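The first chain written gets the first letter, and so on, giving A, B and C; residue counts start at 1 in each chain.
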Amino acid sequence: MSIIEIKDVKKNFHNLEVLKGVSFNVEKGEVVSIIGPSGGGKSTLLRCLNCLETYDSGSIKVIGEDLKEIKDMNSFRQKVGMVFQQFNLFANMNVLNNCIFAQTKALKRNKDEAKKIALENLQKVGMEKFINAYPNTLSGGQKQRVAIARAISMNPEILLFDEPTSALDPEMVEEVLNVIRSLVNKGLTMIIVSHEIDFVRDISDKIIFMDDGIVAESGSPKEIFTNPKNERTKVFLRKVIRN
Amino acid sequence: MINCFKMFSMDSRLLEIFLNSFTRILIPGLLVTIPLTIVAFFLAMIIAVVVAIIRFANIKILKDICRFYVWIIRGTPLLVQLFFAYYGLPKLGITWTSPFICAVLVFAFNEGAYASETIRGSLNSVSEGQIEAGYCVGMSYLQIMWRIVLPQALRAAFPSLMNGLIGMVKDTSLASNITVTEMFFVTRTIVTTTYEPLLLYLEVALIYLLFSSILSKVQTVIEKKLNAQVGK
Amino acid sequence: MSLNKCLEIFLKYWPSFLLGIKTTLFVSLIGTIIGLLIGLLVGGLRAINVDDNSSKLKKFLKKIFNLISTLYIEIFRGTPMMVQAVFIYYLVYTNIIPWDKVVAAIFVISINTGAYMSEIVRSGIQAVDVGQKEASRALGVSNIDTMLHVILPQAIKNAFPAIGNEFIVNIKDSSVLMIISITELMFQSNSIAGTTYRFSETYFVTACIYLLMTSIASFILHKIEKSLSHTTTSLPQSDTNFSSISLAKEENS
């Protein structure tokens, strides 16, 4: 059984159809990247996976649970981490407390254990020196690294990345990508929406190309990048690779 | 608690008092409260614009006087200002021909101070570039102020100024303390003859509510129009 | 009017003035605090959005609450506090319990401030960016914990200037409570002016005392505001050195 099963998912925003029947599966431990032009429904789909958005029809099963029938939303979301484009760090908490807060409130870990886990993960992302800093004193890249530490401190089974480098200055993109790279091969299932074409080619097991609310093409990075079959994929890749 | 319900269950006497006093309260509302508010608010706007421009343009000495004025007014209760003006000033040789005029002036100077701060804030929000652009096409400082900066500032300040107006309608009730025969004064007089304070205070509260609700409705309508004009 | 006469009156009647100052400060401080609590409750509940997948009962309750709270806010913001004071005082006094005037005054000023605070708190909450709420929800933190630990602390910090301003407004506006003859500063001044017949001097002293109280209060609030702002002022900083400097500052403070 796949860890994520998406079947014919459709969604309208008012009169705009953003998802027009999307289907694909993700296996446990896979790294899947979703690419495609802006406005193609990538982020919306990703946000559906942890119920930040609802969908109109079709079905999504995540870790064996049908999203329309979830009883305990909080304990479900604890298993599905998310890293946002705008970081969304808690502005009223320092770096350490950003990583501890949800562990103690949602997972009910005790404070010492939560602190230990937070410190371990902050070390992984190279932010252990900044534990007392408040988010507004950090650069974008630093904020995003803390946000990743915050997400993995919950020991999620799935980690969703919603354009994690789109809001960053160019010189900070690499430090964040390196952190994401270091998470691969840890058995963590990751779904990444990104415009960093070289990066996703390197790390992904599977690429999903979404355009205009449908999955136009999917396959291994090699298939997609060296031999795209769909006309729209070709056009898109030509544009981004030329840049 | 049972008494409480008894009070509101209208027997014919209470109903009669309610209906009789309704016009007795509403008429001073229309003839005193509203004119008092309108005249005082109009004067307040003139004071506010002048004070705001003096402080915005950084005119020496005058600027400090204006700052002092705003500080005094905003730091003391309106009620103290009314009492000082009505009971205190005559001892200093300034006599009032009627409490109404005294109230108008106190309200005007009071609201003028608050509104000047609002307008000053919106003057600052008009971009510097527009003033420079005005100079570049050969306009004088006063022309730029009058034709470019002030219209935009007043539009930005409109919601706060309107709130000031609504606040003033309520504050006119304080003038009852210096014997201005506005709504609350008349209500208190009726209370002393009928001994029905609850009914009458409720009634006057409803009329105040009516006035302020109408004004906030007007405010919303005008704001929508203003926003439509600038295409927000 | 001479300053000498003013001083004379102040020196002769200072115990009366002092009682007035005490009552005024007591009533306005307690009124502001209770008003803030009312505001947190009402404003907090008003800021909660019911989304499409909430139950029918939740939507219904929210509608009822919105209706009642809107009425409360509009009525107390739309009528003069002086009228509220006499009405509420007599209502309780004649129908429920002959209550203490100071209690009545605190009740009136609290419920009046609460109406204003509700709107202040609500807009403070709405100013906190939605992303943080989403992040908290995405981490599986409950709605209540998100509200208490993420949203409200920031909302209160955002709204602090407006909340503090309510206190200053209350110092001044509590003067209208003289109508139910509690011994606040305005009432005391009227009695003094009534006995001395020195209206201009007495009210001048009164004005000075109010001015002193509001100026000191605004000075203190300004200080608190400044000390609060260290985590909210967003300085765009991209270089690491700068960050470690401000980090050091954090640790010292």
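Going forward, a contact is a pair of C-beta atoms (placed from the backbone, for glycine too) under 8 Å apart; a residue touches a chain by one contact, two chains touch by 3 or more.
Keep in mind it's a predicted model, so treat the numbers as computed, not measured.
Taking the mean Cα position of each chain as its centre, A sits at the greatest distance from chain B.
Averaging Cα coordinates per chain and for the whole protein, the chain whose average falls nearest the overall one is C. Computed from the mean C-alpha positions, the centre of chain B lies at a distance of 22 Å from the centre of chain C. Centre-to-centre spacing of chain A and chain B amounts to 55 Å, using the average Cα coordinate of each chain.
Centre to centre, using the average C-alpha position, chain A and chain C are separated by 43 Å. Residue positions of chain C with contacts to 2 or more other chains are absent.
Multi-chain contact residues of chain A, defined as those touching 2 or more other chains: none present. Of all the residues in chain C, the ones that touch chain B in their complex are 1, 74-75, 77-84, 86-87, 90-91, 94-96, 172-173, 175-176, 178, 186, 189-190, 193, 198-204, 206-207, 210-211, 214-215. By the touch criterion stated above, chain B contacts chain C in their complex at residues 1, 3-4, 7, 71-72, 74-81, 83-84, 87-89, 91-92, 166, 170-171, 173-174, 184, 197-198, 201-202, 204-205, 208-209, 212-213, 216.
Those residues of chain A that touch chain C in the shared complex are 50, 52, 54, 73-82, 84, 86-92, 94, 101-102, 105-107, 129-130, 132-134, 136-140, 142, 147, 150-151, 154, 169, 172. Remark: chain C residues 52-53, 129, 131-132, 134-142, 145, 149-150, 153-154, 157, 230-235, 237-240, 242-244, 246-247, 250-251 touch chain A in the complex.
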